[in-house]
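Okay, so subunit A shows up in both of these, paired with subunit B first and subunit C after.
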Partner chain A sequence: MKLREFIDERIELSNLIRSQFSEYRVSERLNIFYTLGFVALAGFVVQFITGLFLLIYYIPHPQYAFQSVQRIMNEIPYGWLIRQVHVVGSNLMVAVVFLHMLSVFFMGSYKKPREFTWVIGAGMLFLTLTFCLSGYLLPWSQLSYWATTIVTNLPTAFPIVGECLADTLRGGKAVTGFTLSRFFGLHVALLPPLLSFLLALHIFLIRRTGISLPPWHASEGMKGSGHNIEGMPFYRFMLKELSIVMFYLAGIFFIIAFMPTLFLPDDANTPADPSNTPEHIRPEWYFLAPYEMLKLIPSKFLGITVQLLFVIIFLFWPFIDRSPERNILKRPVLLWTFIVVTGLWLLLTILGGY
Partner chain B sequence: MERRRFLGVLLSLTSIGALGSLIYPVFRFILPQGEISTGSVLRIKRGDVPQGSFKELVLDNKPIIVIEIPQKGYVAFSRVCTHLGCLVRFDHEKKVFICPCHGGTFDLNGNVQSGPPPRPLERINLKIEGEEIVIG
Partner chain C sequence: MQRLYLALFLLLFLSSPLYGKEGWKRSFEEEYLKIFPVDEAPKRNVCVSCHMSEIMRPELRTIPSQWSNSWHARNNISCHDCHGGDPEDEKNAMSPERGFIGKPSFRDVPQFCGRCHIGILEHYMKSGHGRSLRLTGHAPNCVTCHGSHEIQKASIEIINENLCSRCHSYERAKVMKQALSATERLIVDTDMALSVLKKKGMILQKENEEFFRTHAEFRTLFHTTDVNLVKERTEEFIGRLRAIETRLSQYFKELNFRRNYSVFLFLLFLSIGIMLYIFYNDRGKK
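Showing the complex of A and B:
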């Protein structure tokens, strides 16, 4: 008690906790999908902590990277557990972020005044994928080497600047030790503070604009959260969020226990061989749709341009969709576009897996 | 020009100059250092690539393949697929190069036969000096 009083006398921490967790209220009408943002945040924290531990033993050099990862998996006590949590966690985190974006889209939560919140969130999705891409090369396995070769060759589709972009990304004409250094720096030094900054901005915007209500419960001007609304205290909603995080963690441990090779196939346990491309090399599941698209569209330039256009439209969607109607169920054209695009993405992902 | 406006313009120009002088070194630092080709040449014995067969080699860090085509002699190509950089394999029976990533195929002249590759395989210089094949 004395410590609490000591702190309170100086920085009034109790006031802050009361105003942000008890007096700040959240509507009872928020459904389970509203917890996904917090789950994604928890996923990032898990990745950050396990990543810090992996840094202790990982050696970012082509000659030692694969061995150091194998050592983590086979010799370091519980190294397998920490790496598996990092690997499985990264995949589940991408899934949660995808689901979060889909639910925000479906519930029209990107509409005024939350356009910037969407743009920052979409930016964080692409940053998360960049995290995955840069981390994928680090084990220096056959899978990681060739998947990175494919992805870093994508910019060459663009005339004039394409080659320069690809070379800058790789640090040369092919994936080498220079690429490993670049990707390592990106993964552990540049992306974490960048994502943390965007995360802080995202939370700040949510606090400024309040959480949106599902469109079928909302009426003009109603907020899902704030200091002067009816509902439960924020800490109670946070308990709901934490219980979903427990399910998320349970999912990670379920996969580690019962499907340990799900994200670590044979090629992930074979050292990189720059003179031999393995048969049927495939990127991770979240890149399968764009990968398959490149296979189906005969022109590489066209394939990449279509994908880039899709990314731009997705990123700035709130400024493209100007209709004031939030309820997607009352907008059949948008609803069918949503179903067709999501279905196509799923179909391309499944096709890419075979 | 007013003094206030002049100072504003001067400050803007100085700021742009200062920013540029910071960005340029960073930009140059990030750009890949030019890979200096060692101009190395590979010499192998003709017997290493018997009639109708092939050999995979590495020249200047680039994976290449040398093939002996009956009635045409020796040819060498880079094995890097022009689509997304995977390494092609020579299918001896079908006499085509196949990329394992997106299934692109190239004929014996390195030209695209099917699939998404946009350009033929890069041809590597090769000459015969007595009993030796000189590549590069």
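Showing the complex of A and C:
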């Protein structure tokens, strides 16, 4: 009690907590999809903590990287658990971020005044994918080596600058120790602060503009959170968010228990061999759709241009879609575009898996 | 918005004459995968290119394809590893100065193969087969049972009635095979256990090396015709394999522990999640 008073006298912490968790209110109308952003944040925290532990034993050198990962898996006490959580967590985190973006799009939550929140969120999605790409190479296994070879070859589809771009990414004409060093630096030093900064900005913007309401409750106003709205205190909504985070963690352990090789197939247990291309190698599941699309379009330039165009449209969508109508169910053309694009993405991902 | 849809439609329309080109998928993958690091690029092999060309006699043209399906090829043992010479220099590929040996005579085949398969050579030379070859030059040697370029992974099934009875009765070979069978079964089981553990992420270098050594030494026994020696050594091999098996069973226990521990964590977080959700709902009712 004395400690609390001691702190309150100086920084008024209790006031801050009361103002942000009790007096700050959230609409009762927010459905389960509104918790996905918090789950993605929790996913990032899990990746950060497990990554720190892995960093203690991992050696970023082509000669020792594979061995050091094997050591983590088989010799370091509970190293297998930390690595499995990191591996499974990264895949589930990508899935959650995808779902979050889809639900935000479906509920029209990107519209004025939340355009910047969308742009930063979309930027974080691409940053998460860069995180995954750079982390995938680090175990230096056959799987990681050849999957990275495929993905780092994708920029070569660009005329003139393509080769230069791919060479800069890899540090040469092929995936080598230089690529490992670059990707390691990117993965542990550059991306975490960058993503943390964007996360902070994203949360700041959400607090400034408030959480949006689902469009079918739009008659009740635009704001689903704030100090002056009807609803439950924020800490109660956090209980809901935390319960979904617990289900997310349970999902990770379910996969580790019953499908431990789901993201670590046979080639992940074989050291990288640049002179031996394994059969049926393919990129990670979240890169399968763009990879398959590049295959389908015979002109590489056209293929990459279409994809780049999609990325730009996706990133700046709130500034392209200027219609004031938020309810996608009242906009059949947009609804069908959403269904067709999502369906195509799923189809290409499935096709890419075979 | 309408202009955007029109632009996207036009782009997709332009990219539609796409899908019918035969072999497009394979050629794409080859183009994307076959970029080697400068020092890792596959080296030229003039033995293969020359043997596959029109200048070669027809019966010699099949050698590269036979070799490419062999156990040697799968373990990166190439032409020059056995026959010597320089596979990168067309002019000196068959120069004795570059160590070219070429095809050994029938009598010299055991010495030729025995440069690598040392233990096997020793047992073979002491066997009836080896002694007979040395004396008459007309006894079964390595290629009689294993073939030359299409060599496959050796197994106990090579000792069979069809093969042995080409020269003599199967009785003695049958006794030998029976004496080797128990150890062979244990070898197959241990090999399978090691590959199951590898699939689950447990690469056990020490156990793998020990197994490889035991396996290779045991294989040498296949080349003796001394039944007593086989019976005597079999006990030793079984002992060594059982010791590896005991250690592997510890790893399987560890895998079980990992699964059970993960199930515990799964149930723990699931329960916490359910409790929090119930708590959230209760607070709403109040």
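Going forward, the second predicted complex is superposed on the first by the 351 of 354 C-alpha atoms of A that agree within 3 Å, B and C clash if a C-alpha of one lies under 4 Å from a C-alpha of the other, contacts with A are read in each partner's own complex, and residues count from 1 in each chain.
Here, a contact is a pair of C-beta atoms (placed from the backbone, for glycine too) under 8 Å apart; a residue touches a chain by one contact, two chains touch by 3 or more.
Here the structure is a predicted model, which means the values were calculated and not measured.
Engineer: Clash or fit: subunit B against subunit C, after overlaying the two structures on subunit A?
Structural biologist: Overlaying the two structures gives a clash between subunit B and subunit C.
Engineer: Name the contact category of A:Glu279: first (subunit B only), second (subunit C only), both, or neither.
Structural biologist: Touch partner of A:Glu279: subunit B, not subunit C.
Engineer: Could you say whether A:Gly171 touches subunit B, subunit C, both of them, or neither, answering first, second, both or neither?
Structural biologist: A:Gly171: touches subunit B, not subunit C.
Engineer: First (subunit B), second (subunit C), both or neither: which does A:His217 touch?
Structural biologist: neither
Engineer: With the two complexes superposed on chain A, say which partner A:Leu242 touches: subunit B (first), subunit C (second), both, or neither.
Structural biologist: A:Leu242: touches subunit C, not subunit B.
Engineer: In the superposed arrangement, which partner chain does A:His61 touch: subunit B (first), subunit C (second), both, or neither?
Structural biologist: Neither partner.
Engineer: In the superposed arrangement, which partner chain does A:Thr261 touch: subunit B (first), subunit C (second), both, or neither?
Structural biologist: Touch status of A:Thr261: second partner only.
Engineer: Should A:Arg71 be classified as contacting the first partner (subunit B), the second (subunit C), both, or neither?
Structural biologist: neither
Engineer: Touching A:Ala250 in the superposition: subunit B (first), subunit C (second), both, neither?
Structural biologist: Touch partner of A:Ala250: subunit C, not subunit B.
Engineer: For A:Lys295, decide between first (touching subunit B), second (touching subunit C), both and neither.
Structural biologist: Both partners, subunit B and subunit C.
Engineer: Which chain makes contact with more of the residues of subunit A, subunit B or else subunit C?
Structural biologist: Greater contact footprint in residues on subunit A: C.
Engineer: Between 9-17, 81-89, 99-107 or 117-125, which subunit C stretch has C-alpha clashes with subunit B?
Structural biologist: With chain A aligned, subunit C clashes with subunit B through residues 81-89.
Engineer: In the superposed view, which residues of subunit A touch subunit B and also subunit C?
Structural biologist: 146, 149-150, 153, 172-174, 176, 274-275, 277, 281, 294-295, 297-299, 303
Engineer: Show which residues of subunit C lie in contact with subunit A when the two form their complex.
Structural biologist: 1, 4-5, 8, 11-12, 14-15, 17-19, 21, 24-25, 28-29, 32-38, 40, 42, 198-204, 258-259, 261-263, 265-267, 269-270, 272-277, 279-280, 283-284
Engineer: If you look only at subunit A, which of its residues touch subunit B in the complex?
Structural biologist: Per the stated touch rule, the residues are 146, 149-150, 152-154, 164, 167-168, 170-174, 176, 178, 274-281, 294-295, 297-301, 303.
Engineer: Contact residues on subunit B for subunit A in the complex?
Structural biologist: For subunit B paired with subunit A, touching residues are 30-32, 35, 56, 58, 61-63, 80, 83-87, 89, 99-103, 116, 118.
Engineer: Write out the stretch or stretches of subunit A touching subunit C in their complex.
Structural biologist: On the subunit A side, the touching residues are 28, 70, 73-74, 80-81, 84, 146, 149-150, 153, 172-176, 232, 236, 239-240, 242-247, 249-250, 253-254, 256-258, 260-261, 264, 266, 268-269, 274-275, 277, 281, 294-299, 302-303, 305-306, 309, 313, 320-323, 333, 337.
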